[in-house]
Structures are given as C-alpha cells and as structure tokens.
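Each remark here refers to the structure printed beneath this line.
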Amino acid sequence: MFNTTEIQTLVEALPYMRRFKGKTVVVKYGGNAMINEELKAKVIQDIIFLQCAGMRPVVVHGGGPEITAMLKRVGKQSAFVGGLRVTDEETVELAEMVLVGKLNTELVSILNRQGGKAIGLNGKDANLVVAKKRMSEVYENGEIKLVDIGFVGDVVSVNIELINSLLDLGYIPVIAPTGVGVDGETYNINADSVAGEIAGALKAEKLLLLTDVRGIYVDYRDESTFVSTLTFERAQELMIKGCIDGGMIPKVKACVTALSGGAAKTHIVDGRQPHTILMEIFTDAGIGTEVVKE
Amino acid sequence: MFNTTEIQTLVEALPYMRRFKGKTVVVKYGGNAMINEELKAKVIQDIIFLQCAGMRPVVVHGGGPEITAMLKRVGKQSAFVGGLRVTDEETVELAEMVLVGKLNTELVSILNRQGGKAIGLNGKDANLVVAKKRMSEVYENGEIKLVDIGFVGDVVSVNIELINSLLDLGYIPVIAPTGVGVDGETYNINADSVAGEIAGALKAEKLLLLTDVRGIYVDYRDESTFVSTLTFERAQELMIKGCIDGGMIPKVKACVTALSGGAAKTHIVDGRQPHTILMEIFTDAGIGTEVVKE
Amino acid sequence: MFNTTEIQTLVEALPYMRRFKGKTVVVKYGGNAMINEELKAKVIQDIIFLQCAGMRPVVVHGGGPEITAMLKRVGKQSAFVGGLRVTDEETVELAEMVLVGKLNTELVSILNRQGGKAIGLNGKDANLVVAKKRMSEVYENGEIKLVDIGFVGDVVSVNIELINSLLDLGYIPVIAPTGVGVDGETYNINADSVAGEIAGALKAEKLLLLTDVRGIYVDYRDESTFVSTLTFERAQELMIKGCIDGGMIPKVKACVTALSGGAAKTHIVDGRQPHTILMEIFTDAGIGTEVVKE
Amino acid sequence: MFNTTEIQTLVEALPYMRRFKGKTVVVKYGGNAMINEELKAKVIQDIIFLQCAGMRPVVVHGGGPEITAMLKRVGKQSAFVGGLRVTDEETVELAEMVLVGKLNTELVSILNRQGGKAIGLNGKDANLVVAKKRMSEVYENGEIKLVDIGFVGDVVSVNIELINSLLDLGYIPVIAPTGVGVDGETYNINADSVAGEIAGALKAEKLLLLTDVRGIYVDYRDESTFVSTLTFERAQELMIKGCIDGGMIPKVKACVTALSGGAAKTHIVDGRQPHTILMEIFTDAGIGTEVVKE
Amino acid sequence: MFNTTEIQTLVEALPYMRRFKGKTVVVKYGGNAMINEELKAKVIQDIIFLQCAGMRPVVVHGGGPEITAMLKRVGKQSAFVGGLRVTDEETVELAEMVLVGKLNTELVSILNRQGGKAIGLNGKDANLVVAKKRMSEVYENGEIKLVDIGFVGDVVSVNIELINSLLDLGYIPVIAPTGVGVDGETYNINADSVAGEIAGALKAEKLLLLTDVRGIYVDYRDESTFVSTLTFERAQELMIKGCIDGGMIPKVKACVTALSGGAAKTHIVDGRQPHTILMEIFTDAGIGTEVVKE
Amino acid sequence: MFNTTEIQTLVEALPYMRRFKGKTVVVKYGGNAMINEELKAKVIQDIIFLQCAGMRPVVVHGGGPEITAMLKRVGKQSAFVGGLRVTDEETVELAEMVLVGKLNTELVSILNRQGGKAIGLNGKDANLVVAKKRMSEVYENGEIKLVDIGFVGDVVSVNIELINSLLDLGYIPVIAPTGVGVDGETYNINADSVAGEIAGALKAEKLLLLTDVRGIYVDYRDESTFVSTLTFERAQELMIKGCIDGGMIPKVKACVTALSGGAAKTHIVDGRQPHTILMEIFTDAGIGTEVVKE
C-alpha cells in the first residue's frame, strides 16, 4: 500500500505525464545497462512505464560484446584492416543471429513478462532499414584510402510506416540494428546510428541514448567541464579538437541525425544509473548532455 | 528532479496503472473533502491522475452545506414535516443554482486549470438523470404515512450515452446531482444515489464514495469493530440493527445499486485523508470498507 | 391531418431546407423572447425545427433581468462607477448561478421535453470561453480613465472543438455567457459578444441575434429610415453619429466579430415576432437588419 | 417569404419529421400520378422532401401504358393465352428498354433537376432482383392448367446491400421493375410485387403504394364501405369473395409480402390526389387503406 | 488442374498484378468486340480478371449499330444535314432506350453471371455526365456554318464521386454514353469522348480504347508505318494531314482529353484480338498505339 | 508479352482467385523446399502470388538441418535419452538464433525482394506462441516413463490478434517455430504443430504442409496405396498400425489440430514439386493427401 509520500510522488509526476502523452520516445539501449541484470530490469520497467503512461516508446538495442563472444565461440578469426575488424559474410551472419535471434528475442520476452506488448523487429522486416556498405577510411602513406571492410552498413532509408502501425496498435517495437541491402544482403549497423535515423523519421519527441558515462566533457579528467547542452557547432568543434572520443562520436552524430530529421530533443544519458530513462523524462532540467540544433 | 526513491515509487505504481487502464472509475465527491481547500486540491490531483494514467474518471458531487447557506442568504424559511425539510419550488430552484451554477462550475474550473478537460453536467443535460418524486415515510400514530416533501427525487433512469461519448472524447464528466421529471420539473437527488446509479449503468470498474469517516463499524465507539468487507446480507443486517447510521445508509445503498447494475467494485473511503482516491486505486488490500455482492 | 395548403407550405420550404442542410446556425436568444412564455415556446420550436431539418443549431442565451432580480433577492447593493454597475465577486457569483444554474438548465430542459437533445454549456466547460477583465472607460475631468469594474470580461478565445463534437453527436449546445480567466476567476460576458465570437470561430452559416426592435434605423422615430442591409463602414458611421443606440451597439459589434471570424451571414432580428428564427431562414429576402462585410 | 400561418405549418410538421428521421420509406409510383405531369411534379417534390427531412426514400416505378405504346410503335402483335398477353423475348426486350431506358432515366433526371441525388437501378444491377418464370394459371375444361406466358417473373430474392449502400451515401434509388434469371434472361415483374419485396427486405418503416382509387372498399359502388384498416385475414376473405378486384390484388399481396418480410407499415393511397405521399406521412390517422398484420 | 507451364504463367503475371493493384483502368468497349459473341465473352473475362486481381475497372460502352437497327425497327426516317444525321427528340429517346435499356443492362447482366458485381450507370445517374449541345460544322459555299443537328452532346462535366464510391464498394461501373443537359434534356454522346473525360477525371492509370484496327498507321495501306507511340504534337500533325481517318479521330482526342485531365497512360488497342485488355496490361512493351503527352 | 495461351491460363485461374479472395492460407514451409534454392524461389513466388491475388498467406517455417549444423559448428555435444536428443539451454539458445536470426530473417528478406511486405515473427513477439515443456515418453523395463528432455515445447495458446492485425495491414507474417514459457524460457517447437495451432486459431481456409513425399500411403512401397483423402478415424487407425511413419505423424496431428480449431481444409503436399502451393490452390481435385474431419 502506498503511503502519503509515495502518493505525493505520483501526483508530482502528473505534469510530466501530461506533457508526454501520445509522444514518441526512442530509446537506444546498450552498454552496461544491457549487461547488468539489475540495470536491465530497471530499463525494462522504465520502458513499460512510458507505454503505460500513454507515450509511444520505441527501443533500439546494440549488441557488441555478445557478438564478440559468439565469434569466439565458433572459433572465428577476424581479419583487421587499419585497426578495424573486417565483417565478412560469416561474421555478419553470426552477428545477425546474435542480435535478432538472441538479444532481441530476450528483450522482447522480458518486456512481455513485465506486461508490455513488445514485438521484435530488425532491418529486414518490411524493409525497415535499407542500408548500403560503409567504406572505412584508412590512412596509409599520408593518404586516405577507402577500404572495404565487409558488411558494415550505413542507413539509406527507414520505413516508419510499420513502426507507426505497431505503435498505433499498442505494441512496443524493439529493433535490432541490422539493415538490408538492395541485393538482400545483411548489414551490421551501428545501433546509435539506427536509433538516430528512426527518431528523426518518426519526428520523435525524444531520443535517449544510454551510455556508460555521465555525458560529454570538454576534458574527461575534469568533472567541472561537464557539458549539459551541446549545439551542433560546438559538437563539431569538440570532435575536431578530439575532446569527444571514439565511442561518443556516433552518439553525437546520432543526435544530429535525429534532430535534422525532425526529432524534438536528444539526450546522451548515463545508463549506469538505475531508471535513467524515467529520470530524464520526469525532470525539467534534464540529465546528461542534451544535444540541440542551436 | 525525481530522486531514486521517487522513481521507484512510479515503477511500483505500474502494475496498478496497467490493471486499471481504460477502466471507468466513478467518484462521489462530498463532505469534508469538498470544503477543506487543501483536501479539495488533492482530490482534483487524484482525478486528473486517473485520467492521465488512462482511466475514465466520472465525478458526482454533493452540495448540502452550500445549499443550506444559500437558503439562509435569501432568508428562505424551510417547513419541516416529520423532521424532514420540505423542498418546495423555491428551495429546489436555489438548490439547482448552487449545485449547477456554483459548485459544479467551480469544480470544472479547477480541474481544467490543473490540466484536465472537464465538462459540467447535470440531470437535465440530454435527460441525463430522469427522476420522480420521492415520498417521505413518516411515522404518525403508530402508522407509516407517505408525506409529500416536495422536489426530492429518486432516479428513474440515467442516460449513459452522453457520459460515454464525452469519456471517449477525453473529457472528464463532472455531474451535479439533480434530476428532471417527466413534466420538466427539477428534483434534488441524493448525490450518493446518483453516483450509485451511474456507476451501475456504466458498468464501472470502481465506485468510490468519499465520506468523513474511515468506513463502516459495527460499533462506532470501538475502532476494533471496523468492517473492511461488507456483503449485501451483512449490510442489511447491520442497517436493521441500527449499526449503520443515517448518513451512511444512502452510501451503502448506493453501493448495492452500483453492484446490482453492473459495477465491479464499490468502496466507502475516508475523504478526510489526503489522496484517498489514489490510495484506494494503488493498493492491493484496498482501504475503507468495500461493499461486495457476496 | 395536413390539408393541401399546408402540404404546399412544406414543399415550399424544401429549397431552404436543402440550402441549409448541415450548416451551423448560431442563435443569440435574449430579451422579450426569453421572458414571454408564448414567444419562448416558439423559439424552442424553431430551434428544434432547425435541428430536425438537418442544420446544426447552437444557442447562446442572455440573462440580464434575472440577474438583477437575484441581486435584489439577496439584498445585494451594487456600487456604481461612472454610471456603470461594479461586478464584484459576490455579484459575479450570483450572476453565474442564475445564468448556469437557472436559465441554462431551464432552457435545456424545455428543449429536451420538446424532443431535442440539448446539453448545457458555460464558459468553464473544457475552457469553452477564456476571458480577461474588461476595463471601463470613464470620462473624468475631460480625460478618459480606465476603471476596474470587476468581473466583466472580454472573450480571449473560444474552444469550438467541444461544440463541434457535440454537434456531430447530434446534441444542441446551449451556452450561458460566462467566461473563465487564466486564474480560474469567473467573468460575466455580454451574451451578444459570446455569440459573435462563437459564430465566427465555428464559421457559422448564420448568426441570428434576437432583439426587441425590428432592426436598425437611422432615426428610430422614423419607420421609413429602416436599414435592411448594413455594411461595416456604414455601421461605424452610424455609431459615431450616435444613430445606433446603446443596446444595439454590442449587437452590431457581435456581427462584425462573427463576420471577421468567418461566419457567412449575420442578422439582427425582431424577437418579439413569433417564429422569427424560421422566418429569417425560410425567406430569400431576409428579415430584420443584415450586417455584411461590404 | 413565409407568413405566420405557413411557419406554423412547418412547426406542426416537426413531430412527424422527428418520428421518421432515418427511416426507410418505399414508394411504389405508378398509375395516374406517373402520367399526369402536374401530379408527377408533386410526387417528385414529395420524394425530395422525404430525403431532405432525413428519411431514406426508395422509389419503385411501374410502366404499363408506356410498354403497350412501344409495342404498338414497333408493330409488335401480342399473342394471348387464356386472356393473358404472352411476353415473348421481343416483348420483354422492348419492355426493358422502356422501363430502364426511358421511364427510369426520365424519373432520375427530374429528381436530380429538383435537387435530389437520384440513381437509376434495375433488377440486373448487382443482381438486385433475381427472378424466376411465373406460370399463369388458366382454367380450361374445369381444370387449372399452368401455361407458360413467357418472360413474366416472380421475385426470388432481392439484394438490398446495394440499396442500403446508396442510401447511406445519400442517393435516392429509383428502381425499374425488371428481374434477372439464373441464366441471365430478363423478366418483366409486377412493380407492386417488386416494391413489396424490397420494402420487406429493407425492413422499411413504410410502403406506400400509389393507386388510382381512394383505397379499398367492400363494395366499390358504396362509398360508405371504405376500409381504412385491413388485416391479413380480412384481406384474404375479401379477395375470395371477389370484393377486391383485379388491379388491387397485387397491391394487397405486396403489402402482405412487405409486412411478412419485416416492413412496419403499408398503405394503399390515392395517387390522384396531389402530395399524397406527404399527406400520408404528415398525419396521425393515415390516409387510404392501411394493411396490417393483425 | 493446372500444369507446370500454366502455373509458370500465373507466376509471370505477378509483377503486373503488383504494379496495377488498386489502380483504375477505364475500358472503352465498342466495335467488333461488342458484336461478336466470342470476343464479348473474352472482354467480360478480362474485366472480371482486372477486378479480381485488385484493380478498379470502369467500363464505358458504345452502341452505334444497335441504335441504327432500332431506328429502322420503328420506321424512323432520319434527316441529314451536310451528311450528318439529325438527332431529333425521337431519335435521342430511342438511342437512350437502346443504350441504357438494352446494351447496358445486357453487359451488366453478363458481368454479374461471370461473378462480377457490375452496376449500370448512365449520364443521368446523379448527374454523372452533364452535357451541352454540340453544333456541327458544315462547309457551305466555302464557309463554315454551325448547324444544329439536335441532341448530340459534348461533355461539360463528369461527377466521379459516384463512380469512386461504387468502386470503393467493390462494384464495376458500366456506363452508357448519354448525358443530361441543364434543362434535363437527353444527349447522345460519343462513347470515346465520355471514356476520355471519365478517365481523366478519375486520374486513371490507363484508358484502353478497343477498336477494330491494330492501332494507328501513317499510311493504312502500309503495315510498316504502324505507330506504337504517338505524341500530342504528332497526333495533331497526322490529323491535319488526314492520315488519321474519321473513326479514329475521336479516339485520339479521347486520349488527349484523358491525359490532359490526369490519366497516366492511354492506349488504342485492337478489339478484334481476343483478350486484348489483358494482353495490354500483362506486357511491358504495350500493344496497339499508345498516345502520350510528349 | 503474354501470348493467347498464357492469357487463357490467367482467365482459367479466375474462378479460383474469386473463391479464395480474402481467405487465410497457412503454409508450413520446410524440408527440401527450404534447402533447394530453386524450389525455394518457387515457394516464395507462390506466397507472393497468394497475397497479390487477395488472399491472406501466413508462413510457418521449420529449420531442422540448419540447427544441427549450428550445433556442430560450435562443437556442441548432444546428450541422448532413449534415442532422443536432449535440448538443454545452450541447444535451445542456438536453435532460436538459427530459427529467428538466420532462417526467418532470410525468408523475410527474400519475400521482400520479390515485392512482398513480409515481417518476421517468433513465439515471443507479443506472446504469439505460449508453450510448456513436452515430456518425452521413454519405454524402460516394459514401462512408460516421462523423461525431461529439456526445452522442447507444446503449444499452450497462440495470440492471433497480432497476426490478424498484420494481415489487415497487408503484411505477410513469417513465423519461426519457437515458444515462450510462463517464466520467459524459450522452447523449440515442432513447426508442423505451430502451423496447425495457428491455422486452427485463425479459422484458416487452408493449411498446406509441405513435405518431401507425395502424401500418405497405406504402404509406402506400393504407389497404388496412395490416400487422397484421410478421415480422423482412418488416420488414427493407420498410425496405430504403424502405416504412418515417424515424420508424417506430427503432420497428420497438425491437420487434426487445425481442423479441430476451426480451419476449413488441410493438405499434406509434396514440397519437392515446384509451385506445389499454387498447384493445390488452383485445382478442384486438390493434390497430395487431404485430411478431413469425417
């Protein structure tokens, strides 16, 4: 039974629930929050809460470590070009199996056990994510060369009709980050990138990218340099200066993609904190780093 | 910004929100909760929370003390028959003005300021509550005589089509307890009775009657005799024995009416407690006294 | 049983019924037609006829004399500033009770007894009429001073979504001329003004303002100066010259408001004539004074 | 411009308009009313009035004299068997041309010019009227023999889906009395019979059969024997006794068919009177002879 | 039972079925294909196949020879002006009977027997084709004079609302080429012209005009001059040069009308070939002569 | 371009297309037809043809050989109990990856490339297939013992709401045969069994089970004992006698399940024949063995 303080909390949630009613929220789910069982349970609760409170949550998940584990399990040796792993046909086949046949089904299953009506999707469903090969830029002898590193893709187009139909029917779409090429070939795509494209195409109210840091810093060693709001221009500048490191770059780019496409707000938030999704929604100030157009 | 404990509270509300999604909840609002400004604010928040969380709240309000005050203001002297006030034409006209033109508009206005989309109704709107004269039973010379005490009515039928249409459109219907007779005459009706009839006709999931006591006791002087669940039969027995006193009788009867009509659950709860509505919804055990069919 | 002449009349009504099918007609109901029981019965019949013939009637009623009577009944003394009655909190509270809890419910009830499906509304229902304080201009020492005369309001915005939903569902909206301020305070608003705003917002086919004169005259003492069509410009001119007197000014302004908002036609008609509404609809020439854009 | 008396007439029509709103009225149109141009104009007005007042009129027309004229025009000699004309292939072809290509198109055209949205149908449209050969009973040598008189048909089934769809879309269906056999052959069918079948299948509120007499008499020579209400049983009795003569028999049978199928009321009315349709609708007593189940 | 080759054929039809799903195809049906019973049966099959495969077929039929036969049958002598037959009132009445009451009903009937849901229409139904008199240009004494040749009409407007409603409901509209004038008079209109106007107004995917030749030739005596694609400009040129002969001119004009109105493609195809409609649809190259905008 | 013979074939397909329009056809796809690339292409064409011709195809696929290959690839040793492979957690995890992340995505991708709008589903999506552990019956010491062989499941319930919604939206559901237990655990389920349950729940018009034999024989060595129609009773008898061998038993049982659930017809057909699906649909006699209720 709820006590007075708890009921008070519900009542304080009211303005936020009203504000986001009927709005689409895209959550990129990955990193620690996907591995730690306790955090995972809380992410699941958050997503179901969003739906229950009348929002339209869409989940895009990643899968890095699990794919690596699977490659190891079948004894697959990866080639590397300029420091980048080559995603040959066998690799992408295994990646798709892990993403679609393991991580996605598991996430769907947990959401449904908690009372959601989740449905798993991947890039091939009704051509949800059409992709093309991404060439890797390798610096060799002072020159930039484009090297084919296999079935790593960039999003060409997303088909949001299916996503919107499922949301209208009350389902929670859970999307594995694969894409399909014009010849039917499979592509492994960066999940942040997929989330950004989808959030943009859906004109989402919010894109939330869960990471393993608090947000963006000008200097990671100095907590005081934390950036709570980042403009396109400033993001560009920090990337050129090298202040935004490798793993964060696709996240910032995903925010830019989402905003350019039509999303209203984008946030890079700390997935190591429990209930970081609800924390972000139920606050005026916002948490983590918000990327804005200007 | 919500802290972890508060977010945890939201998450714990989830199962209840899921259970009541799309369900109709009729709230009879009266007594202390209608006079005390602080309590009133909390009732308003509760009702808006219900709507925001996807339920279909319907409010029926009372108005006793305000009517009395108005009669006094215009210097109206009431006649009494067998201890009961006679509701003559002038009295019912003033009662209607207070109920519909003051209490109802005020309640609608506050709900709207808090973000609800409330709309005021009364028994005359699209013949919402058709009523007939209630004769008063007076004991005289050892005999029961039926005495005409004027425009006090019993519900003949309720037209839920209008209520359901408004709920479908996202409005919160707020109903003043008047009724209209076949000749267009106005009746003042007991608000508990109106709430019970409407809850039954709507096949409501819950009827919540706010009172100024904790619920029903076998003996009011002995807290340990509190009754948390009351069957029809037991209710009958307690009324005959005189254990259920005057003010509580129409409430118990309203529960019986609601359940007979098709409502699923009925509760007599303590309106003096803040957020008693949410307290009742967000708990497994229930609070106050639940009246059940068997 | 209808005789040949009567049937012929029905047949002659056909072209008008066809022309107005599905069109919205806003009727401002006030003055004599609201006090005289015989005239009232005919107005009710007219409104129901409009609905039955497939039009979408909306009624806005006034209430001046009844409010004055109520103030007297409770012994309320009104203050006057520059000849204008000050509408203090008690006054507006009583006015709202009379308008919403007496005149409106009565009108709704009669319409329903005659077979309409009427529903009463007032400015607070779903924030139907949002208003702000109207300052009175008082000439003092040769200067115009703005004086606060209390809760008399001007329309800030009207929410026609509710009205249209109810019309779509087959109800006749009957509107009491109150408004709600941003802080939830009640305003008494001129009923002509409310009717004009609503007719404009609804893009009504017609606004019919019932008055106690035949229409507008250049000189009231000279019947031959009757004006059957009045342009904006000419109206302005006659008001400046003082040819249009006090009570008629808000009516002419309501027509201007309605036409500017998008209403197609506006008419000031004689409510002392029985069936003046049907008279106006079922005629090519029109009756009373039509106010037109140019 | 309507005067007070005329407006009064409109108002008196109100209860009837309300009663028949949304109801289906099948009119069998034939006889004098179809030949006399003045009467025809009034029938057209009546039908359009019904639609305009919110009813769902369906027209079935006959065509006897025009078919005879056409046969004469092409010099077609008809054979007779036992006094009945044989409808050979050429005859039915000419009948269909006259009914569908002349009378029906003409009626549709006039209705549309008067502002209706009429659409012509015949038995072949979407298999509206499926028919089979009607054998003629001929008395020969004291025995009844079934004689084949060609393409005269009985209704096997009617497809009201098409009629209802067109009514829902706001069209007035105007139906020529032909039928189609299982092998695609054309049948000429008695128009009263088609109207009765359709009225029954549509569960029409009314079937109105226009004739050239006032209604049914026990003895046609004695005006005082006029029958205003006729039960099934009494109809049977009068037919056996020969009181109901030849042309009236299919009309009475059509009423029986309509009522058995589910129509609410059936009337045989005098098509020689102007506006006989509106006369029947706008009266409590009814005109002509009403045929009822019991 | 289908053999492998036949199934293979179905599979090869797949890309065409997909391409034309939901698209409107207007077929002008006339000439040999309408007289020869064998060809007629195949046209019927083609139309039903289109519907069954998800297209929206609309049929417009002609009727020349049958009208001439009917005029002869009633002994009607036609006057001629400048070599053109005068269509007096009697002629247009007979033409309408033949077109609407014979050819149209027959076509509807056959389509329905084969399993279509056809419904016959003509220009008068809901004012489907509004027309005005076409004046004939006669060369007299070296001058062009406009001569009134009676009830031959040009299309003024087509009402596609009815056609689209019927297509949405799953019916096949079969249209006789008549029109109605502002005074309700009937016009006989060239069927190619009606088909062109309707195809344009419907923004049809295809207009197919069935003729008795293979298509258009620069020189009919030389098979090698066959034109498979004809631009507006080239059509103009060939008509001026007299290469496109009399009967073909209205067909080419109908294509121009259709394309100008919004149809996507127009084809003049050989109706003497069995299944010429399906032949045209199920081919990439197209058959006959295609008329294109440029 | 289609020749006359080919067009004739289309026309002959018409009656079948009409009969199956809007009907649901469940195809269990497995065996040779899933391995042989040529056969696979033809199955894909058949399914797309069904959809294009207006049917509602649902595909359930198997995956036996691919799962075995995957187990081998990761070096997984399987335990056996009574001759049956034990499906431990690792095995079911790998099976799910192969079924959902490889075979299902591949099938979806090919269907989409051929122009279908396919969407992959598995038992976990919106709890599509809820399952429970199937215990294996092992004969030991003359007794039947139930042995736990791990995550092999029986269908408890199927949620056809999702399937029907997707069919209504024009998608082809492609279903991997997994199920989800009450605790969220994954089950590998026999694909025939899943297809039978789904066909029954959908009240499918047809269940087609593709196998690697022609159908059912009383004696496989004797072609003349082929059974074209099998009743429930006879099926029971043949199974007891051992005439229906191991692999065929689940297929016959799936037919029984489907028919009991409400499917209209079930067929065991030869998937080694190209276009066996269309062969079955486009024939009166049917191919393979039809299992019927009686």
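Chains here go by letter, A, B, C, D, E and F, matching the order in which they are written, and residues are numbered from 1 within each.
Criterion: a contact is a pair of C-beta atoms (placed from the backbone, for glycine too) under 8 Å apart; a residue touches a chain by one contact, two chains touch by 3 or more.
None of these values were measured; they are calculated from a predicted model.
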item: Each chain counted as touching chain C and chain E at once; value: D
item: Interface copy of C-D among A-B, A-F or D-E, judged by whether over half of the contact pairs recur; value: A-B
item: Rotational angle, Cα trace of chain A fitted to chain F, multiple of 5°; value: 180
item: Between chain F and chain D, distance of the C-alpha-averaged centres to the nearest whole Å; value: 58
item: Whole-Å gap between the CA centroids of chain B and chain C; value: 35
item: Pairwise touch network: line, ring, star, complete, or other; value: ring
item: Ring walk, chain B to chain C and onward; value: B, C, D, E, F, A
item: Interface residues, chain A side, partner chain B - complex; value: 1-2, 4, 6-15, 17-18, 21, 42, 45-46, 48-49, 52-54, 115, 274-275, 278-279, 282-285, 287
item: Residues of chain C that touch chain B when the two form their complex; value: 73-74, 93, 96-102, 104-105, 108-110, 112-113, 117-122, 124-127, 162, 165, 169, 171, 178, 180, 183-184, 186
